[in-house]
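Notes to accompany the following structure.
Chain lettering (A, B and C) follows the sequence in which the chains are written, and residue indices restart at 1 in each chain.
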């Protein structure tokens, strides 16, 4: 609408929107606040807790007691690693589907997406047993394989949509200009595809970081990422609120920040193009 | 644009993805199917053919029926909250106000919190009848604190999951709202349509497609909610918060019943397919990609 | 250099024969225009020559050598795309230098060629900008520059002016014609605009549904169209076509007379009422409902004063009357 909303209406809406916003992210805000308190203070009533002393003790405790660093590194390795592995497989696939489409291409894409809809419990047992027998339980390799497979459809899909947006004529122009396939990929396609690949990378890292089925089933300690580490707080001993807050804050902070920048990618990646 | 050379190359480039996904789909599933017909428990040695026994026991287990109801309740509950909440929020966020960017960030944050953190934060800092925020508030008001996870376990979990998925639905619906054809709205205004009419005849039909997508995508993920249940109630009290996914997990990895668990896994796959077909038929007409 | 021959070239997409069979000879240095309505196959034909599409059957020869199976890079041709297809992440300089880089040319020699091309096309001040920062006309010139710098056997233009506004189009049209005069290289130009075809071509190939309707110089096509399709396509406003009794009088199934070949006055062969009159000052266009003949369009001098509702008489210039048989072909 070209007409300006009245200032009063805007103020009212602002109040309403901010209230709703704060309410929704309140649990997160509260967690972050609590992470800077001592255990004793963390369990006090809200106002009492807020006005108590700020401290970094809980962060220190989390890092001392557990090998927090290892869990964090596992999360990083698993999310970045599986994303890179998926990209290596997906980039050629998406390339060929976008630029040399056949009659079956759309069907192929739909089939790939449908593999994501298979319930994980349907293959839980064989995967668990295979991993056990192959010595892959609680290993980074094992989990990398699974995480790559479950997100491969989304990675292929997202890359496909980005590649499709590259005008075919530009690639043809490069061919007329004498570029062979290799030159075409290196000098023309890749620079134009980099933003799309980066977006896909971002979204997939977020999705894998938060994956909470296979990471819980197939790891215990060595390859356990943060999802598993946090799950350990479900049967705690003694006071643990502040530590939980600190651990949670550290676990979600990277992804929260990445997530704020990938709203568009989220819509593209998870609605399979049905919403623009 | 496709010449013979590029076609052959294209086929090679697609193969790794296709082969891997094909194996991923077929091999484990076939194994599950195979196991489901065996009497196979990890604690006792040896296996033997069991026919359809595993299926029979799984389906007649009273826990199964409870799990089925719980699964559907969970999915429907979250869908209702996220669709209605999402539409409302999207409409709100579409209006002009100060600080839109920041509010948007606040609203989408829950989606990026890993399920285990979300569940434990709610369980301990809010639901806990001794130290949780709701308990403190209740005491301040002179009321007895409510033990959410003990007295209304499934509803509590629905709450947690809905909180995590509301941002997703809001984001999708907001994106759809912002792609509303402004010229169409202006034409309707010139034709004398009120805000309510425009909402009813232009906005809602446009949103229907996005709502359909939201329902479809969310259902797929909601059928397999797991982590939140694991870290809060472990399926309990009793089977109050056990869904199909959790039931199969419990049978497979807690009872070590490979045969029974496999049967459960197959049943879960069948149910997921039924839901998918049902959904596609019901709302497939809204999606002409 | 720049001689292209097509022999029985056929292109099908699945079941559909987009181009059933084409034989065509393009001589060195000619400016050939492929013209026709949308979907007639002119772009497809261009792309077959470029190598961007494979022929289903038939032979394409470039300078006497069989190029049918050669990839585009090896055919020595350069193409200017409708959307210009510039590399968005490269500067103008790098865009123009790209083909030379692909050919492995020494960077210093290449740089000189880029400067030369930029000078010819007035791009000197834009060399370090990216395509996104240029206007449509400027991008057009960069695309041409990228083609020139390769010194190809022939230039292929795929509707290069359709994305430009009218005034710019006239300018660029002339620039391209001047370029042809100075370079003297073969140019194959695809357009749906018959004005572009008439003004730029040495030879026009009129295509319809994948078939060549006629090949000839612009004036040949204007004065002696081989069939009704060409007669109606070339010339603006379109030739008036009359069937029925009036045509039978001249021994044909259909007769045609161009709007500019009708004399107007108070007496004449065809009497009618003026429906629409458009006075441009330089010309006058009249749409006349001629009794028992039908609608006839007339183009006259700026002095012609008839208006809507006036009775008017038309006389076709007999030596400019075209006669067509039942099969649509011209009768001699």
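We take it that a contact is a pair of C-beta atoms (placed from the backbone, for glycine too) under 8 Å apart; a residue touches a chain by one contact, two chains touch by 3 or more.
Everything numeric here is computed off the predicted structure, so don't read it as measured data.
Note: the chain lying farthest from chain C is B, by mean C-alpha position. Among the chains, the centre nearest to the mean of all shown protein C-alpha atoms is found for A. Computed centre separation for the pair chain B/chain C is 58 angstrom, with centres defined by C-alpha atoms.
Note on chain placement: the centre of chain A and the centre of chain C lie 54 Å apart, centres being C-alpha means. Between chain A and chain B, the centres computed from C-alpha atoms are 16 Å apart.
Across the assembly, chain B contributes 1 as residues in contact with two or more other chains. Among the residues of chain C, those in touch with two or more other chains are 51-52, 71. For chain A, residues that reach two or more other chains under the stated contact definition are 172. Across the complex, chain C meets chain A through its residues 50-52, 71-73, 77-79, 81-83, 85-89, 98-99, 102-103, 146, 150. Within the complex formed with chain B, the chain A residues making contact are 1, 5, 10, 13-14, 16-18, 20-22, 24-25, 27-28, 30-31, 34, 43, 45-46, 89-90, 92-93, 95-97, 99-102, 108, 112, 115-130, 149, 152-153, 156, 168, 172, 181, 206, 209-210, 212-213, 216-217, 226-228, 230-231, 233-234, 241, 244-245, 248, 251-252, 255-256, 258-260, 263, 266-267, 270-276. Those residues of chain B that touch chain A in the complex are listed here as 1-2, 6-7, 9-11, 13-14, 16-18, 20-21, 24-25, 27-29, 31-32, 35, 89, 92-93, 95-100, 102-118, 120-126, 131, 133, 136-137, 139-140, 163, 166-168, 171-172, 175-176, 179, 182, 185, 209-210, 212-213, 217, 220, 223-224, 226-227, 230-232, 244-245, 248-249, 252-253, 258, 261-262, 264-266, 268-269, 272, 276, 287, 289. Every residue of chain A that touches chain C in the complex is listed here, in rising order: 167, 169-170, 172-180, 183, 187-188, 191-192.
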